[in-house]
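Labels run A, B and C following the written order; every chain starts at residue 1.
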Amino acid sequence: MLTFNFMLYGLAVVTSLACMLLLFRAYAASGMRLLLWSALCFVCLSVNNLLLFVDLVVLPTQVDLRPYRLIAALAGLLFLLYGFIWEAE
Amino acid sequence: MEDSAFSDEFCRFIQTCVTSVDSAELLLKLSEQPDVWFEPAVLARSLGPNTAISDADLSRYVEQFHAGGLIVVGTDRRIQYRPASGTHAKHVEMLAQAYKERPVTLFRVIYALRDLKIQSFADAFKLRRK
Amino acid sequence: MIEFMSGAITLGFALAAVFFLRFWRRTSDRLFLAFAVGFFLLALNQGLAQWLSAADERVGYTYLLRVIGFVIILAAIIDKNLSRGRPSRFKG
């Protein structure tokens, strides 16, 4: 069960990290600010996923990282929505 | 390739001043009667029964034409075609020609340029860049 | 404060999903549809996790929604790299 959880939440971490890297790479190549805000969003979502991983898989009973997870997710969404509203067209 | 006939300069003109087919038709209609002052809403309606331009879109197009040096806006909010330079006029002529001779290509280019930034988000996820 | 942030995040994910749907309509690029679905699942996860109390054992299952959301996003990235052709019809 632990390995299953490990893989599932680990996959979420890997995916958000991949999105972050690809968006940063594209931003470096084109300078398009929409990509920067999107990349920053995925930085925060990766932090969020990482903290979730620690919270649920690594130290399930010792810590409750919920407040920090929420701050990370909220910051990420603010970056993304700012980019979509001001830089998407 | 078909699209190579559109120069970078013309594409930049399209990207800033002509962000939809409706916008292109409005501009062309304006340029056909350069001595006339038009009420924007009336002009939009004159495009025909199949075209419906929202007020928000209409004011955005007028703003883009104005910022692009293609029209003047009177105190009564009516507009008149007045290109700021020969280059501006030339771009509108190229637009008219493309609209007449290669409309499908033109429309494709208009929307591709409009969606350039959004498309770049999707293209960021291609691992191998061409 | 927690409830406030949780609500804001739920709404934020849902709003992002709506934007992705709009981008999909404009470009016909499947990737945007996948991101829209993924982000909608993230919104659902956030909403449900808040709605069920922390002691509720079903909370653990809501996090599976998040995983599915990211799996869909991952699938979209893989799909983008496997299928090369893009539909070239213009949108009116």
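In the analysis below, a residue touches a chain if its C-beta (ideal position, glycine included) is under 8 Å from a C-beta of that chain, and two chains touch if they have at least 3 such contacts.
Note that the structure is a prediction, hence the values are computed from the model and not measured.
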Which chain has its C-alpha centroid farthest away from the centroid of subunit A?
B
Using CA atoms only, can you tell me which chain is the most central one in this structure?
C
Larger contact count among A-B and A-C belongs to A-C
Report the inter-chain centroid distance for subunit B and subunit C in whole angstrom, where each centroid is the mean of the CA atoms.
34
Expressed in whole Å, how far the mean CA point of subunit A lies from that of subunit B is 38
Centre to centre, by mean C-alpha position, how many angstrom separate subunit A and subunit C?
13
So which stretches of subunit C touch two or more other chains?
23, 77
Would you give the residues of subunit B that are in contact with at least 2 other chains, written as numbers and ranges?
114-115, 118, 121, 125, 127
Residues in subunit A with touches to at least two other chains are numbered 19, 22, 88
Subunit A contact footprint on subunit B (complex, rising order)
114-115, 117-118, 120-121, 123-125, 127, 129
Please give the residue numbers of subunit C that touch subunit B in the complex, ascending.
23, 26-27, 29, 31-32, 76-77, 80-81, 88, 90-92
Which residues of subunit C touch subunit A in their complex?
1-2, 5-6, 8-9, 12-13, 15-16, 19, 23, 46, 60, 63-64, 66-67, 70-71, 73-74, 77
Counting only contacts in the complex, subunit A reaches subunit B at residues 19, 22-23, 25-27, 29-30, 32, 34-35, 38, 87-89
Name, in rising order, each residue of subunit A that touches subunit C in their complex.
8-9, 11-12, 15-16, 18-19, 22, 49, 52, 56, 66-67, 70-71, 73-74, 77-78, 80-81, 84, 88
